[in-house]
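For clarity, chains are labelled A, B, C and D in written order, and residue numbers in each chain start from 1.
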Amino acid sequence: MQKPISKPPIRWHIPVFLAPAFIIYTAIMVIPLLGTIQLSLFSDIDGEQVFVGLANFKTLLGDPRWAQQFWNALVNNTWFFIVHMLVQNPIGILLAALLSSNKLRMKAFYRTSIFIPTILSFVIVGFAWKLILSPIWGVAPSMLDAVGLKSLFAPWLGKEEYALTTLALISVWQFVGIPMMLIYAAMLSIPDEILEAAECDGITGISQFWKVKLPLILPSIGIISILTFVGNFNAFDLIYSVQGALAGPNFATDVLGTFMFRTFFGFQLQLGDPNMGSAIASIMFVIILIGVSIYLFGIQTRLRRYQF
Amino acid sequence: MGSLSLKNIRKSFGNVEVIKGIDLDVKEGELVIFVGPSGCGKSTLLRIIAGLETETSGTIEIDGNTVNGQSPSMRGISMVFQTYALYPHLTVRDNMSLGLKQAKRPKDLIKKRVDFASAMLSLDDYLERRPAELSGGQRQRVAIGRAIVRQPKLFLFDEPLSNLDAALRVNTRLEIASLHRQLSATMVYVTHDQTEAMTLADRIVVLNNGVIEQVGTPMELYNKPKNKFVAGFIGSPQMNFIPASCLEMSDAETVGIRPENITFDGAKADLTGKVSHIEQLGGDTNIYADCGEAGLICIRLFGQHEAEVDSTISLHFDRDKMFKFDKDGNTIN
Amino acid sequence: MKHTSFKAILVASTVFGSAGLSFAQDVTLTIESWRNDDLSIWQDKIIPAFEAKHPNIKLKFTPSAPAEYNAVLNSKLEAGSAGDLITCRPFDASLSLYEANYLAPLTDLEGMSNFSDVAKSAWITDDGSTPFCVPMASVIHGFIYNKEAFEDAGVEVPETEEEFFAALDAIKEKGNYIPLAMGTNDQWEAATMGYNNIGPNYWKGEEGRNALIKGEQKLTDEPWVAPFRQLAKWKDYLGDGFEAQTYPDSQNLFTLGRAAIYPAGSWEISGFNTNADFEMGAFNPPVPNEGDTCYISDHTDIGLGMNANTEHPEAAKTFLNWVGSEEFASLYANALPGFFPLSKTAVEMEDPLAQEFISWREKCEPTIRSTYQILSRGTPNLENDTWNASAAVIKGTETPEEAGKRLQEGLASWYEPQQ
Amino acid sequence: MSVDIKTTARSQVTFRAIAAHAILITYTLIALFPVFVIVINSFKSRKAIFREPLSVPTPETFSLKGYETVLKQGDFVLYFQNSLVVTVASLTMVLLFGAMAAFALSEYRFRGNLLTGLYLAIGIMIPIRLGTVAILEMMVASGLVNTLTALILVYTAQGLPLAIFILTEFMQGISDDLKNAGRIDGLSEYTIFGVLVLPLIRPALATVAVFTMIPIWNDLWFPLILAPAEETKTITLGAQVFIGQFVTDWNAVLASLSLAIIPVLVLYLIFSRQLIKGITAGAVK
């Protein structure tokens, strides 16, 4: 017979469930990152780390040499993001809309093929596109030649005016699978009854997409936008593997990620400056945090989630 | 079989108090039903009894033992859920025996009990199937079987019939009733459906806003509701409430009259109204009449009757069967 | 289920954990390097030769990709996980490591006596008192050319600026070869193989370089703008789409026989020998006028230092002494034609191209790359800016004068002698 | 030819299907083209790569030289094995620990629940790479440098925030009744999690697995910093070294790139069936 217990026992299982994730995440991610943010408040003066408050941020935004690089990177980064929003997500939605039509055959094949670039490493993606777009190797020029458009060819990756857009498009090529998958799933989860009701009302084909499906997948599009935002403002690898840490030509493809990397770890003869690098990293964090907050408090609340 | 006693049970979620001091005794072998509108706290109370929710204060005794703080499985209860909650990866037999296996009971005992329950619920043919291969009614029977096998001191039912269609609901209701008789088990049953409550319960507990409005046998509640809430909640179609002023009665704020206690009688008319809708149920007929300030009034007549929509009718109320309520909604005797 | 999976993780982590421990009693030295191209040479030639003499010391050569080397090495040093021996970039990158106490002073290392002061200059404190890396090799800049292409166009090896452009014109006229193999996509190619290749002839090698460091000359002065003017003229001789042409593209263009002249560093020699199936020659950067003294960039490029925190300082020193020896010099020079030993004793080289390059040391004045010593210590970084400017000048997006002005402003913003 | 209304309607449908296929095929070609170029050229001789990059290998141009070089030089089997161990171990830990935390967050009401959830989600926004130096110091201090354990720990930390975020959302959809039924049957919270909940969120786990696996498999940075030793090299790092090592040996580069595609493709195919199910079931709504 149980003895009567007056107080509920401590629910040990809650800390037990949380502990592994909490400990690993805190120890290996949070503490090092806090260390990085802390670094941004210090400066190396004669080999000593000295607390300088916000001086590094002042340099970054105030000193014309730093500020010029910073704003260049930020503007490029914004353009990089805009290209993704304008190209990647609409293509993703289009592909998903096509894939979700009922009677289509070979769905799995298309889905898998289009997702393949997403699983490739940046090393492969960078190398492949550099080769294809290379004026020397001649894949792109000879393909354009074949359709009589050779004159359109330009060494896109080497021209300041095209390089960033080209890279953004490569990145779109690589990642279009993610919005496609998520939107596809969202479309599949629209109940058939709603679509059947639309058919009965004579809303079919493209107008069905605009009038019925699109409003219902808006929350998913919102999520994708914010994932794209976070991803783009953390972008680094693709640009690094195609254009190197100096993000050429003439910094035309420099984004916050490459700027931070170069500053933090140094490059070639340029010595690493972890303090300034951390300052850039902290600003990146703030930018992403602001973007996410705008989304969470400004946009998401207005996107209605429909109960099916 | 055991008794249940609740003493001053309170429960708050954050600053919101959802159970506001409940005292209740359930005798051995009794089937007690909690009814109330959604959000009244009836499910929370059931879950507190089960130990799935921790009470903020108060004492729970099952079979004379205080069980506060004990885990659900130690309380000697079993529970049947609205969504069946069968383990999708286990067969019917394993679903029923899991609790006993967990308690390390001997194999032959488990088998005996499962066989007993499956025979009782005619589940013998389905013992090796998985839940996904069963119909809704079969699944609910498995859930009930799982409860029986544990031979609990106390059965708890959480709206067990809500997910079934109308015909099955009646059948299963009968099954539960016969189960109660056969096992003479103590049962606590939660529903929002007063018909279910009336047909099944030994005693009904009407809950509203986290407090007990009234406890009693179905007929006690029907005949002697303590207040307007209980009067309105028990009985179908619902009791008509009429402002006392319309009937020129000064000793009450509101009067209540059940639809079956109204007759057509032009000579002794208490009110006149216009027929707005008729429901022909075959066995009886419900007529709804718009009586101006007195509101929409439902009249229940036995047998089949005809009436023209928009025709004017005179209503007579059986004065002996009228209820009077004061400003606070309490019944005036 | 839970228990077993935890156990599995525990077991797994101990298994992996032990993989990192060294198991031999012998000392094992790890060498950090960015020369991943040399991996097989170290494994097949250098390490066996050393281990044969010193059986108790094992060597492990662990290179990382050149672009990541600095970042990786700095992180490892900071965390204390770097190897025992560290391949040194010349000048400031290594000096800062020494100053941060990551590299050990090598003042009393015997092998050091085998090197001249010039050889040691890249890895010594500013006051010249303490060396911290053993000089391994230098690279010489010049031009490698395709002999068949020269025959085809009927041109001779150019000695002056004028002849150089005449030769380029002739090759272009003939149309069978792209005259110059160079791209601006990677930027450093334009600076290292362009500006610092031909530049010394204009700023007169060490004379100009030292004047710049002292603040006596400015980057806007003629000797420093003139090389940009030359580069600006190169544009017409480069291949289609050179803007997107990468360094490996240039190498391929040349070794596959499609380009006539390759502005080179001597380190290309071994790769070109394997990949090109035509005869190659080399010439030093043409001088502005006939009879001018020629200058070459004979750049101290690789040194080897000792991690100050190594657990095996004695073994590391043994190895460093060996690196300073004649045996190593000859082994290295012949294994890697194009990396020229810096030791005082002359080394016999078999490769004809390498012989050609090294022969310029006798007729021309050697210097090192203008931006490497002292001048790239601050922000903005002069070396990185020079990459950018050289590429821009070749592409024609910036005039030579503008480039000089921009570099000067950048340098003056932090370098006192120039202010 | 007589055309009645029915066939017009049908031909409209057919036309739409053809248009859909046309667009999808076009995009599929765009998606696969670069991969195709790399793979076909990896089987050609160096000259042929340069001369006709778009043609498939013919008997004259066919060459396995690149693959020979690759297989001779690096220990690709070992690299592959390392990558597999790291990826599978990190995935297991991310999925297990992530699901455990998500379960705690979605199942129990306790003080600080919301705060803990936010705290764990912040990691989605910051690349862990920013903390490299501190991580390396920590690994050195604990003697984990040049062990696969170091990589596994880092990737676990990196993958957890998104995993917890997705899984929490998903777990909220699991019937409370089922878990309560388990409690009444005397299952411990751990058993409820392991036996009842985990199997039900399989699709969500697959979704998380794919999103977590790709960056782990393809990561270059941490292998380079934390475990560059020959015994612990991952396949991506191995391939990268080839690119550095044979800048001009395109046979070897292309061969190593082609080899590096296969394993991640296989892993993806394993998870992809569950992936669609997972996203559909509302893992990322």
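Definition applied: a contact is a pair of C-beta atoms (placed from the backbone, for glycine too) under 8 Å apart; a residue touches a chain by one contact, two chains touch by 3 or more.
Per UniProt, the chains are A = ABC transporter permease; B = Glycerol-3-phosphate ABC transporter ATPase; C = Probable sugar-binding periplasmic protein; D = Sugar ABC transporter permease.
Owing to the predicted nature of the structure, the values given are computational and were not obtained by experimental measurement.
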Practice item. Based on which chains touch which, give the shortest step count from chain A (ABC transporter permease) to chain C. Key: 1
**Study point:** From chain C, the most remote chain by mean C-alpha position
**Key:** B
Review point. If you tally the C-beta contacts for C-D and for A-D, which one comes out higher?
Key: A-D
**Study point:** Separation of chain A (ABC transporter permease) from chain B, taking each centre as the mean of its C-alpha atoms, in whole Å
**Key:** 54
**Study point:** Chain centre separation (chain C, chain D; CA means) in Å
**Key:** 38
Check your understanding: Approximately how many whole Å separate the CA-defined centres of chain A (ABC transporter permease) and chain D?
Key -> 16
Review point. Can you give the whole-Å distance between the Cα centres of chain B and chain D?
Key: 52
Check your understanding: Where in chain B do residues touch two or more other chains at once?
Key -> 74
Review point. What residues in chain A (ABC transporter permease) touch two or more of the other chains?
Key: 137
Check your understanding: Counting only residues that touch at least 2 other chains, which ones in chain D make the list?
Key -> 50, 93, 96, 132-133, 190, 195, 240, 243
Review point. Once bound in the complex, which stretches of chain D touch chain B?
Key: 109, 175, 177-178, 180-187, 195-196, 199-200
Exercise for review: Going by the contact rule at the top, pick out the chain A (ABC transporter permease) residues touching chain D in the complex.
Suggested key: 11, 13-14, 16-18, 20-22, 24-25, 27-33, 35-36, 91, 94-95, 98-99, 101, 103-104, 106, 109-125, 127-129, 131-132, 137-139, 142-143, 173, 176-177, 181-182, 184-186, 188-189, 205, 219-220, 223, 230, 234, 236-237, 257, 260, 274, 278, 281, 285, 288-289, 292, 305
**Study point:** chain C - residues contacting chain A (ABC transporter permease), complex
**Key:** 67, 70-71, 74-75, 89, 91-93, 96, 99-100, 183-188, 239-246, 249, 252-253, 371-372, 376-377, 379-384, 387-388, 391-392, 395, 397, 410, 413
Check your understanding: For chain D, which residues count as touching chain C in their complex?
Key -> 46-47, 50, 73, 85, 89, 92-93, 96, 132-133, 136-137, 139-140, 143-149, 152, 190, 194-195, 224-225, 228-232, 240-241, 243-245, 247-250
Revision key, fill the gap. Counting only contacts in the complex, chain B reaches chain D at residues 13, 47, 50-52, 71-74, 77-79, 81-89, 98-99, 102-103, 143, 146, 150, 158
